[in-house]
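To keep things clear, I will list the structure first and then write my remarks on it.
The letters A, B, C and D name the chains in turn, as written, and every chain counts its residues from 1.
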């Protein structure tokens, strides 16, 4: 796993080898990067993974179709609801159940709230990576509102487990409507503040423009997805190309930029917050009445076959691949996590840049380590 | 009203009446030394709590609020904690250099105190090349940082120290040129004379545009020189964990921490002396009544008020801006600050020659 | 191209067998023809499968099956390419020079299933720590008395 | 013109920083915007939503009766083996043997608060409590027996 020169700290060419992580402020978790430096210039970045690998795929092989959904919340904990959505969709594909319209709307609403919460936290974390500490706390103010909505309706703040095959676990809380309205109002005021603090700041622009560039072809080849790829001009929003849930019935734009640098990735996410808020705005007053859960059997059995569902999490394309042999538990589950592919492009993006650029690029990819390790 | 200068002269007279002149000098030096250390300890505590409160309010938090009234004793408690902590010297470190570095940082910070005029006629050492002394001694602080970074035997420390070396050496230039602007206007290197020259108005007001430009450049340059955000590349938290003091712990870390705040205080005090009139009260033209009220405020309060205002501005920078990258940091100095301050010094020379300043 | 058309077109590319059902076209290829087919899928102007969005392996106790989910960002086709491998000596050509994302995914499959990817530039453990070479935790017969809790 | 661009860039930079500083100055002077919750101090006023999932508890009536029939539906539904139900046989007044719960063992240390057991329970015997301060000094204290000693099955619950 380690090269022999790593223990000395200097390789044959005289380049310095530094371990960034597994405990490092910039890696947001237990990611371990071995970087080769020539002075301040990054020559090579090599990720070492597995510090938080729990083998969720293996665990799921012994869990029933109702049970395995909860474990996916622990992968990408910042968009746990969307992960759960992907799993529920895969199971529903096998069961061929019709989802009530109300459940669909609730799922999309919660998904978009999760996305906004995730992007807001990312915004604060990126600013902190670049050296501004204040935005992080401002971001938490809005995120807290979303967390409170989640807590009230779903019963938990982060790993909600609100999704069940056939719908959602509970109906919406009576306060939900009021709280979401307040949230929308809050964001209207505060998004401009975010721009004042970070987006238009000269230092921030200088730190991010032209940094960590990746072209559209490379982004596709590296399997990048989500906002990181859309900043390079790759149209890859699953909500648009393969709509699931309610996404074909709501109006929103796929945010595409061509620059492919850190600033573009930043702008894409900031725009996506606005798009997500507009989706919420469209749906919040039009939640159809009816059941929130379809009737399903107590014991779920998927017919023999393979099921693949794709959803768009805050970080990119999340895929659930279930191989069923007809039993009560999945025979094999593979989770295609967006972070894993996005991370693989990091080396390509940061070669030849400075250490500060490496940190900025890593921050702009929005890596969540449990999502990479699974 | 009792002023610092009266206390000082009465102490001096009392000592002179009891002791021989050589002993008077020795005792006075001891008193000054003890007072300086006490001032530093106090300043460190006050500045740390101030920084934390400023940061907290800007970040919509409450900040420390548990120890003492409104958390005002928090930094005292932290200091006690740091004092009793084990000071670890890493196995691979150069032990002598490693342990020496924090003291050098501290001593250079303390040396800068000598020519400062804290109040009217209250100065430790009014040497006639005060400004030169300040610029010379302040550049010594880079030695401590380089020593700490190199001897730690840690790659993060080394990178941080190298960054800081490049940074301090470059920003010396524009800080020096900004100070020169005032020297040109005043025609003296003595800090007491510079303060005296501002009796009829502070340089920032009567020095026209050049003084204003010099003031802005000075603030930016000293922020960089003291390794404060947005120029805190030497300890860039998200990149180098803690930069040059990654390996330090306990009281040795606290000394670096303290030295940073003392440096901030001294450079702000120099800024206040040069541009904002030191202990001179704020006067407006012919408003006799208003000027009289201003005169009534003790000169030490004026001095500390101005200094703390500048410290607040530097803290304000820190909690608003992202950090620069190393090449941008040097770009800013060599492409913007240095040319501007060179141009500025020509401008101010013209003004001084034609006596356009008040 | 519609699904039938696409299936026909793909059928002309070499000796493949199609698996009926499923959301997308499933095609099986022998591991000998695998590399040539993958190159064709990527380079063919009519197809342009440039996006490998999922690469994994399934242990069917008698054999291993490599599963490649491919997508074309130009035409929005999705296909699944599968290849059966021998369970004792699983070996297949790498595709990481065609899709660079495969480098990490193949390393993951290598350590979790023990599939050897020929010509892979850097086939080392990615997730598991040192000392796990040869143990393949995602195979069905993997046993770990300490950490696995049987419900 | 080079000089114009140069000055423009300086002006733009100054302006953008000025807006940022204005924003932080606003928060520095407006202390009403502070959102800090001082948690251990606000325990008395802290209200958690009724759906918040803190831990599994079994509801008991005043007569010390619960609604758990010992059907082990929750045990089967649990993904982590958190719940273990020990059953016994009660002799009903008619002399028939009837399965009943002896001990409802709940391992809080394994629980992920996924709510699947509550959903699975046919008699609404268990529910989620809002308590969240679970830390104890000994792990064994996290293993709880949910049915109170001497409690009986409520009348009419099948």
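As a working rule, a contact is a pair of C-beta atoms (placed from the backbone, for glycine too) under 8 Å apart; a residue touches a chain by one contact, two chains touch by 3 or more.
Fair warning: this is a prediction, and the values are worked out from it, not measured in the lab.
The interface holding more C-beta pairs in contact, when A-C is weighed against B-D, is A-C.
Greatest Cα centroid separation from chain A: this falls to B.
For the pair chain A and chain D, the distance between C-alpha centroids works out to 24 Å. One simple way to say how far apart two chains are is to compare their mean CA positions; for chain B and chain D this gives 51 Å.
Chain B and chain C have Cα centroids separated by 63 Å. Under the contact definition stated at the top, the residues of chain A that touch 2 or more other chains are 134, 141, 197-198, 201, 203. Shared interface positions of chain C, defined as residues touching 2 or more other chains, are 151.
Among all residues of chain B, those that touch two or more other chains are 58-61, 319-321.
Listed in rising order, the residues of chain B touching chain A in the complex are 55, 58-61, 155-156, 159, 163, 229-230, 232, 236-241, 319-328.
Across the complex, chain D is touched by residues 54, 57-62, 65, 316-317, 319-321, 336 of chain B. Residues 1-2, 48-50, 53, 55, 57-58, 62, 93, 217-218, 220-225, 234-236, 241, 305-308, 310, 317, 319, 321, 323, 331-332, 334, 336, 340-341, 343-345, 348, 373 of chain A are the ones that touch chain C when the two sit in their complex.
In the complex of the two chains, the chain D residues touching chain A come out as 12-13, 16-17, 19-20, 22-24, 35, 48-49, 51-53, 77-79, 112-116, 119, 128.
Interface residues of chain A, counted against chain B in their complex, comprise 9, 16, 18, 24-26, 37, 40, 127-134, 136-138, 141, 197-198, 201, 203-204, 206-207, 354-357, 359.
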